[in-house]
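Got a structure for you, questions after.
Order as written gives the chain letters A, B and C; numbering starts at 1 within each chain.
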Amino acid sequence: MALPRPFTRGRRDTSGNRMWVWLMLPGTLWMTGFLIASLVLVAVLAVGTTDELGNPRFGFDLAGVRALADPAYTEVMARSLGYALLTCLICLLIAYPVAYTIALHGGRYKHALIAAIVVPFFANYLVRMYGWSVVLSDDGPVLRTLRAVGLADGGTKILNSGLGVVAGLVYGFVVFMIIPLYAALERLDVSLIEAGRDLYGGPVRTFFFVTLPATRQGAAAGLVLVFLPAMGDFVSAQLMGGPDQIMIGNLIQDKFFQGQNWPLGSALTMLLMLVLLIGMLGYLRRTRKDEAEARR
Amino acid sequence: MDATPAVRLDGVSKQYGDSYAVHRLDLDIEAGHFFSLLGPSGCGKTTTLRMIGGFSDPTDGSVLLGGDDVTALPPNKRNVNTVFQSYALFDHLSIADNVGFGLKRKGVAKAEIRQRVGEMLDLIQLAGLAGRKPATLSGGQRQRVALARALVNRPAVLLLDEPLAALDLKLRRQMQVELKQIQREVGITFVFVTHDQDEALTMSDRIAVMNEGRIEQCGTPEDIYEHPASRFVASFMGTSNLMTGTYRAGAVALEKGPALPVGPRSEIADGTAVSVSVRPEKIWLSDFEPGMQMMSGVIRETVYSGPITTYLIDLAPGVTLSVLEQNTARARMEDRWSGGETVEFGWRPEHCLVLA
Amino acid sequence: MTLLRAPSPAVPERTAAKARPRRGRAGRRPRVLIAITALFFALLYLPIAVVGLFSFNSQKSLTVFDGFSLRWYRAFAHDDLLLSSLGTSLRISLVAMAGSVLLGVALALGLVRCRTRLGSLAGLIMLVPLITPEIVTGVASMLLFKGLGVPLSTGTVMLAEITFSISYVTVILRSRVAALNPEVEEAAMDLGATRWQAVRLVTLPALLPAVLASAVLIFALVFDDFVLAYFTTGVDPQPLSVRIYSAIRFGVQPTINAVGTLMLAGSIALIALALFIPRLFGRRGGLDLLSGK
């Protein structure tokens, strides 16, 4: 009767799997071939050399990596880190009230309002930054308004300063803070706030004891999402900051396009990746800790 | 009559890691029957159905359809069709295209598809909705479309995976009758998976009660209800007064309470731990017959629920029996027992089952 | 994220807001918060408005509006370099859209259904572009092409953009695939379809709205992308965004206002379209643009 059929056992489950593997393969191979391989190439070139013509040569030379310790570069790196962190902080301060207002007071317009924030942010970054630089220019509407109300005098400038760079980064990436915060606030149970009012009384105390802790994960996600692009950006420093305000992205760009020092450019790129990975890992550890606490 | 069963499972197992979802199942389903696989969730009934349909490979044993071994065949090569629990209608196709999907796959001529789909829509009384999309239909209508989509292919066996579970009670009762009628009309073997014992009892020709991957009992609805083969079947099918004790010389000494005389049972050895089962409706409170097993107890509670009254009677401290009495025209309200009264009751010896 | 899903009721009914219907979820209208939000919206749209307004300026100034004129649009229409860049950008976007949607749809299907170690590895690889800053992707792509001896050209931009866009398509479609009822595919097989036919006849049609939406979105993102294009493009022809970059680095160029306005209008329209496509199909469940990011 039942003949042993060792080769057909579980066959259908795996043949199903095989088709899914075939579907997955082209995309995965493509990404591995173009992306993972190229990232590895950057790492290899970071310890490579150049020939007399400036063309990259593989080898093992730590000149590029050692050059990172040069004060000229460490200063840029410190500035990048500082600006990126400052951008994160300002984004948080702006995004929180905006997301809070839309999520809790947006009523039936909240979907439209959040779409009105998201849609332009996905539109052309360069044109937006260019428009922003016009708005913040010495004759632009912002400074003119500030001068009119007496908050600024003729000497006040925003562009060509650190403030300009940070303003550009904030304008560029604040949406990445709003989205996760909005999502967290949307999920927030209103009865929690009401319970908070009962327990703690005032709206301010309720905010610090109830609302803020409940949205901590959204804020953490937002910080990472802003930090990543802010750290690697070079357009804001170029358009809003001028030559004295360059960031690590500008250095990388310079080493590849003007300086033609590819090993150093690769080393800088790897350094940037390293900083971002540390940030990511910190975030992941934080969320894992939060999740563990939530489970308890 | 054709002796070849429509479905035969021969030592079929499905193993996930170390645990068995289905354990060495042997089962014959006769052609033309309405056959139910009944059991609590996780008992392996759906896995069994999926193995018949070809959606899941048995880890051991074989599946035969009409005498042919189909264990290695994929679902599209088996002459069975399935009505899924979620209905699984194709949302982007019209009702007519949903029903015609299988025929089109088989390469049936367009004119014939149109005709057979039309007949099928008439049968399920949805002819007017042929052009609509599934999303616009009610739950009951979607259920019927799923049925028509499977039946139009005239499969040898139709598999139904809890098709009525998503419907509300009233619609469900109505669909039970309708489904049974359709089955009789088309004469196709139905294999019906359900966890609802009422549904299985009212619709089936035969029922297999499953528990923990095994078949506990297989038989007609009366068989299973009146002569449950195990403690599990007795408790799963309807309500039952189950009491545990030890068999010794024609009586069962209850763990808490008196010894119940059950008559000599030659198949049970003295000292075996057994369960005694008496259905609540098989216990009499009046008009006793000679030869009945008579007992007495104290009424603890009287629960009136329209056509019937349920009494909870303490046979001994910790042993409570429930007893059903019909509120027929002859029964008078003032004759009902109330709490605290001592009553006589009895049952026919054959209604007292001893289950190993 | 429930952005642009099926419309939800204006006010949750179970809250106290029911008794005070004109007020928000958490009671009293907070004037300060609303003022901050209004200021935010003003600053968000001001740069866009400025670019749009001054693209119609009759003079070169970016601060004084002299009068309405279409001269910068006319200048754009006669600028062969910008026009050829526009054509290049459109070509790149179309190819990147087609390539990444094709690869991304297959990848999303495979990732959700394939529960093997290879599947989880592929899932990790797919996330890399999302956590890598564009400048790193740009540098890496450029080095790869140089290393392979491939001269930078429109073709290399297309390859790099496809690589970068696959992740977006996959992230968008993944949750949609996971939300599909697996019984529907089984039903198709039950009715005589092979596994592949089931995917083609049942699964892909069910995914169509999300696929179209992601295609439109990718088109807009690639068209607007600058960093990756900047690192991987050849000298001529150059994509439009790279031309704009060179132009705005060297000061005010009113033609750029006209081009920029057209680009902003175009991409805002496309992205809005991408968000609303699922609604056009009259189905529940919008495009979850943001959940995976």
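Here is the rule we use: a residue touches a chain if its C-beta (ideal position, glycine included) is under 8 Å from a C-beta of that chain, and two chains touch if they have at least 3 such contacts.
Since we're looking at a predicted model, the values are computed, not measured.
By C-beta pair count, the most extensively touching chains are A-C.
Nearest to the global CA centroid, when each chain is reduced to the mean of its CA atoms, is chain C.
Distance between chain A and chain C, defined via averaged C-alpha coordinates, is recorded as 17 Å. In whole angstrom, the spacing between the mean C-alpha positions of chain B and chain C is 54.
Centroids of chain A and chain B (each the mean of its C-alpha atoms) stand 58 Å apart. Multi-chain contact residues of chain B (touching two or more other chains): 54-55, 74. The set of chain C residues touching two or more other chains comprises 195.
Within the complex, the chain C residues that touch chain B are 181, 183-184, 186-195, 197, 201-202, 205-206, 208, 283. By the touch rule above, chain B contacts chain C in their complex via residues 53-55, 74-76, 80-82, 84-86, 88-92, 101-102, 105-106, 135, 149-150, 153.
Only residues 1-5, 7-12, 14-16, 24-26, 29-30, 33-34, 36-37, 40-41, 43-48, 50-51, 54, 62-63, 103-104, 106-107, 109-111, 113-116, 118-119, 121-122, 125-126, 128-129, 131-137, 139-144, 146-147, 159-160, 162-163, 166-167, 170, 195-196, 217, 220-221, 224, 226, 231, 241, 244-245, 248-249, 256, 260, 263-264, 267-268, 271-272, 275, 289-290, 293 of chain C touch chain A when the two sit together in their complex. For chain A in complex with chain C, the residues that touch the partner chain are 15-17, 19-28, 30-32, 34-39, 41-42, 45, 56, 94, 97-98, 100-108, 111, 114-120, 122-132, 134-135, 137, 139-142, 171, 176, 179, 182-183, 186, 190-191, 193-194, 225, 228-229, 231-235, 238-239, 249, 252-253, 256, 262, 265-266, 269, 272-273, 276, 280.
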